[in-house]
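As structure tokens, here come the structures.
Shared between the two complexes below is chain A, which pairs with chain B and chain C, respectively.
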Partner chain A sequence: MSVFMDLNLSYTEDKSSLQRLIETAAQLGYSTVAINYTFELTKKKKEVPKPAQIKELFEQLPIVQGRSRPIRVLNRLTVVMSESSHFRSTAPEYRHFDILALQPTSEKLFHAACMTYDVDIICVIVTEKLPFHFKRGSVNGAIDRGVMFEISYAAAIRDSTMRRYTIANAVNLVERSKGKGMIISSAAERALELRGPYDITNLALLFGLTDQTAKEAVSSTCHSVVRHAETRRTGSGIVCTTKVCTETSDQQGAPVDADTCEAPAAKKHKTAASEGVTAEEGGAKATSAL
Partner chain B sequence: MVRIKSRYLLCEINVTDKSRLLLLDDRAVMTAVRTAVARIHGDYGAAQCIIGVSVKYMNAHTGMVFLRFPKRCYKLLWSALPFITCMETRGQKIPCFLNCLHVGGTIRTCQKFLIRYNTQQLHRLLPKCKNEDEKHVRTALLKCLLPGETRETSAEEADSEEDEVV
Partner chain C sequence: MKGVSTQKKSTGYQRVVLKNSAPVLENESTRLSAVEFKQFIITGLKILYGEVGAALTFDVLKYDEDSRTAFLRVPSRGLVKLWSSLTLLGSYQDQACAFRILQVSPFLLALTGNSRELQLD
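Our next item is the complex of A and B:
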């Protein structure tokens, strides 16, 4: 039995339903889940959402089915991008999230997301007909960089039309990528929209994946997404800056925190390397910024 | 003699409200499966669903179901199962979903798995027990073994991994 992950549980304001969602995921045997916050830059809303503290949700995290460890809950941000200005890769708000995902809506942006942007996941639109075609070049570029494509299945369960679009878009992508670098996640809003990992691997056969890649889509590929996210946050996985908790830290605003403490993570590594200072390798060394 | 091979799917029916599980019967499950397959795979799927597909066992208290599918098309039929969102029984719609736990070649392997799974569930529930009486009953339950079951769970686990045909 391998480790299963579901990297997309939609965030809802309702705490009890979110709790039930995570409990159901643990019961189904997912050992890691990510709560997804969608961010779309419109005129009304310009604030990047702040992730909820998981400690507030649970006093004790539910134990995963068939294991003795509690479930691991991550935070994830999905940026819906219809213009290239919508995604600022250095924004300090993004640093509160463990995983960063991007949902491009045009071919140009898709290409840019695949080739240049520093993200972990590229979401494939499943609720409507794909507005562009996947180019093999950009898809391969993303796979080479370790950026994965995500297909979510909750929309397919909800509605018949969505199901057609989901399968059509998924088949289209699998044709281009040969099933490599794909993850399948739920995007579930309610507990009843989740499905078990074995069901998902079998469902993925409808998307044109082989047995092997289908299984990887819910286990090992998700694992590499999480690893990729960790390295993105910690300057190639060599240097990691953590904040030493002090009394003043509670009074400071969150964005200020990010600027002073976490933002230079990647830069620090670069300067350290260029000056010839030996960066301590083989894991994260905490250097306090305060 | 060569026997007709089939696959047995051990599925768990997940509902939000446990008490409504008791309303379900095997016919409701069968209808739900048939309609889902017909919706996803059309007439071809519906045709595969006529012969050799049945609900072999149903436990309304724990929500466990054994589904029997012909071996040649069990993957096709299984791929329709995630799209079941509710079951209809006695004029009521019960929102639920099926979670497949095990795929076996014989009912026997499925039964073995189910016994082990249920023991696991009891272990999971034990820390949540509120009062001493409940704890007492649960530990007593865990101690008693079913005929044919051994204490060597680790060895058994290794065996059943081979049986699994996922």
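Our next item is the complex of A and C:
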């Protein structure tokens, strides 16, 4: 059984509604969620938000349906970029976040985001008509670097005009990328805007994805994003240690670390190692880079 | 969970399904009759696919008003259409709502067990 992720739950000040959002995600079967903070520099004197501590929200994290394991909650920052100066890749504030996403608003910035910026996700605007066309070169460049594109569906549930834009922009992107390197996330603000992972795989068929890429859009591609984020944060690589279960130890005592043992090893590094970093090499490089 | 009847003469089997339910409606006290329920789904189909979509035939085989759970039967070529319109339905009479698809199967008998919940390791 694959592991599902929803890498975009909108952050709200209201703690109880955020709790309900995460609880609902766990009930629907998402093993990992990311709380999204949006940062837009155009509004004056706005600081990069500080992520809330998950421990303050929950004493005990809710259990994922069907997996008997607590949900894993990450923090993610989305930078809305309308000028190239808006994104400073070395800003120390960005280091508080697990995942870094970028939302470019013009073709030039989209190309730059695909080819050069060190981010994990490029958000595709779904609330308005696409201001530019996707170029195959940029899209392929992003996929080669392991940067994924994100479509969020909550706007499509809220409003029928947004639904048109969501579907149109998603179809546009899929035509260019052939469905590779796409993730679908919720961007939900309320619990009722969340949908189950199988609903999303079905919805993705409307966007022109195949059965396989549709399922990957909520599972293994998201996994690649998380891995990519980890390599970005540590310099150039990560080392994963997975506990191999032996026949003698049939006790369930020791809790396995949330990110190990979740997916078969073959799936983990399929696209994650896009920077050409194998696990061991990465570790060595990371130390030398520091 | 219901207690299993303890009659000795005949052996009875009971399938008990326990699900923790995700929220479905904003105002949980709203009641929907079977007719309203089907009409609501047809509206959803019509919004997303227009008149041609609304012409898709599907049946509500069983509907439980208290738990708002239903069995829907649809030809396999209409599954993606019906499912996606259910996914994108977000409001019922100006209150937020959501459809939760519990199980999908091409065979009625297969609904007795869910292969997605099998632990294969």
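Here, the second predicted complex is superposed on the first by the 235 of 290 C-alpha atoms of A that agree within 3 Å, B and C clash if a C-alpha of one lies under 4 Å from a C-alpha of the other, contacts with A are read in each partner's own complex, and residues count from 1 in each chain.
By definition in this document, a contact is a pair of C-beta atoms (placed from the backbone, for glycine too) under 8 Å apart; a residue touches a chain by one contact, two chains touch by 3 or more.
Being a predicted model, the structure only gives us computed values, none of them experimental.
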{"item": "Partners on chain A (chain B, chain C) - clash or fit", "value": "clash"}
{"item": "Partner chain(s) touched by A:L206 [first = chain B, second = chain C, both, neither]", "value": "both"}
{"item": "Touched partner set for A:G66, first chain B, second chain C, both or neither", "value": "both"}
{"item": "First, second, both or neither for A:R163, with chain B first and chain C second", "value": "both"}
{"item": "First (chain B), second (chain C), both or neither touched by A:A191", "value": "both"}
{"item": "Which superposed partner A:E150 touches (first chain B, second chain C, both, neither)", "value": "neither"}
{"item": "Overlap of chain C and chain B interfaces on chain A (superposed complexes)", "value": "20, 24, 27-28, 65-66, 156-157, 160, 163, 191-196, 198-200, 202-203, 205-206"}
{"item": "Chain C-facing residues of chain A, complex", "value": "1, 20, 24, 27-28, 65-66, 156-158, 160, 163, 190-196, 198-200, 202-203, 205-206"}
{"item": "Chain A - residues contacting chain B, complex", "value": "20, 24, 27-28, 63, 65-66, 153, 156-157, 160, 163, 191-196, 198-203, 205-206"}
{"item": "Chain C residues touching chain A - in the complex, by the definition given at the top", "value": "20-26, 47-48, 80, 83-84, 86-90, 96-101, 104, 116-120"}
{"item": "Touch list for chain B against partner chain A, complex", "value": "14, 16, 39, 75, 78-79, 81-83, 85, 95-101, 103, 120, 124, 166"}
